[in-house]
Amino acid sequence: MILLTHAHNDHVGDTVEIAKRTGAAVISTFELGEWISDQGVEGAIPANHGGTVAFTGGTVKFVPAWHTSSYNHNGQVVAPGVPAGLIVRVGGRTIYFAGDTCLFGDMRLIGDEGLDLAVLPIGDHFTMGPSDAVRAAEFLNVPAVVPCHYNTFPAIKQDPHAFGRLLEERTSARAIILEPGSGHDL
Amino acid sequence: MILLTHAHNDHVGDTVEIAKRTGAAVISTFELGEWISDQGVEGAIPANHGGTVAFTGGTVKFVPAWHTSSYNHNGQVVAPGVPAGLIVRVGGRTIYFAGDTCLFGDMRLIGDEGLDLAVLPIGDHFTMGPSDAVRAAEFLNVPAVVPCHYNTFPAIKQDPHAFGRLLEERTSARAIILEPGSGHDL
Amino acid sequence: MILLTHAHNDHVGDTVEIAKRTGAAVISTFELGEWISDQGVEGAIPANHGGTVAFTGGTVKFVPAWHTSSYNHNGQVVAPGVPAGLIVRVGGRTIYFAGDTCLFGDMRLIGDEGLDLAVLPIGDHFTMGPSDAVRAAEFLNVPAVVPCHYNTFPAIKQDPHAFGRLLEERTSARAIILEPGSGHDL
């Protein structure tokens, strides 16, 4: 299953090629899903904010995110839309992928869904930075946070361990810092 | 008068043809209104969130909605934008058309406008489903709800009577379930 | 420095020409910044909601705004996105430019940033009108408000002095009404 929060090229990546090769379903917001379908992906499932979509073994619910969302395809802007966050329920766990977003008050409504883990951007510049991400963890009332969207290019350079210390000082959540290629058993 | 919440083809429908034939004004968000005007509709009135537009006998105010909004015109994406909800004041009544949206906390601000009726999507998948729509009715502090955006295609199959029972159990609002072609005297 | 809230033509104005002539940096949301860069502006800095960008002498943070955002370039819609508000910190002062927006509850989070001044639209039709702008000032907990986005075309005709009286009656903020070409020492 490939779950997409928004249409930016650094998030869509090789979705089309991987979905064609593997037959994975691709679940995304509406315009992005239509565009992925137009590229010949048979398992594209367009949905939108507030909707819950079932996949083998779990579900994903689309929630708000404050960012932009469009895809640059050979110099043409396609798939314009509004980005989303994702609440994924799988294996008895509930995980919130914030996608790219700033802090927003309705993270409290997302917290009402009963989260086990939140994956939050901390890179600043294109998303919230570390201190707003700590406040997000409070709004979400979540026991554990994986920071993401940092250190992949210079504008979003951050120290995830400094974020982790700030998170654990100010909230009851613990930080889980993952290295590329590593994992965590929830 | 034709009032549009967003640019998706299943909501715009035959707006251009009907407006040309009848001379009806078309009130919508900005990019959509510009596009409708470009199609030769003389009464297109583009507006945007927070704005109130007067029409013969009433007014409509544009409020937020969480969804996407673009129009597919002969395979080209046009009129990209941000969707809206509508607060319509007519005949001494105030009616909120949520458009396509998920639940959001600022429905409380919409409730502050003093609603007589809310028309809320319950279909899930592309919008909120029944249980979030019940919570929306609480946020809106509204005495009556008409469910909409369900059973028109398989992904949004719902039982509106089950929604109505849930609404009346959990809130003081009553459900008004309309059949296509039927009406209700408010 | 040129700071842009959204891609509408009446806000982008002569940005490209001025930036090329002066070498000013242009800080904006992502798609708009990419488009400005494509027009040959060397100092375009695309960012997005939640991000803070430093410039000579200050910083700007991107916050939410409810409106639409796209640019009409020779009849083609380009740079589709989501609009922003801006929190500008410069010379020891913190100023919130709401951009074009309706009232929203997360203006309380913007108020948490500690504002000295808010520049708020009052024109109605495309943005909030005077009474929602007064409520915005309450949410923002701001000591002074400059009204904007009015009287530049007929649909947004307003009396800024009537707004100022309403603001000062209902809140502890004072109104600062500027004439084109005039200034205010903060």
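Descriptive notes on the structure:
Letters A, B and C name the chains as they come in the text, with residue numbers starting at 1 for each one.
Just so it is clear, a contact is a pair of C-beta atoms (placed from the backbone, for glycine too) under 8 Å apart; a residue touches a chain by one contact, two chains touch by 3 or more.
This structure is a prediction, so every number in the text was calculated from the model and none was measured.
Between subunit B and subunit C the CA-based rotation angle works out to 120°, given as a multiple of 5. Although subunit A and subunit C carry the same sequence, what matters here is overlap: shared residue numbers make up under half of all numbers found at their interface. Note on chain placement: the centre of subunit A and the centre of subunit C lie 28 Å apart, centres being C-alpha means.
In subunit A, the residues that reach two or more other chains under the touch definition are 70, 80, 82, 105. Those residues of subunit A lying in contact with subunit C across their complex are 8, 66-70, 72, 77, 80, 82-83, 100-105, 121, 124-129, 132. Here subunit B touches subunit C in the complex through residues 29-31, 34, 47-53, 62-64, 69-70, 78-82, 105-106, 108-109, going by the rule given at the top.
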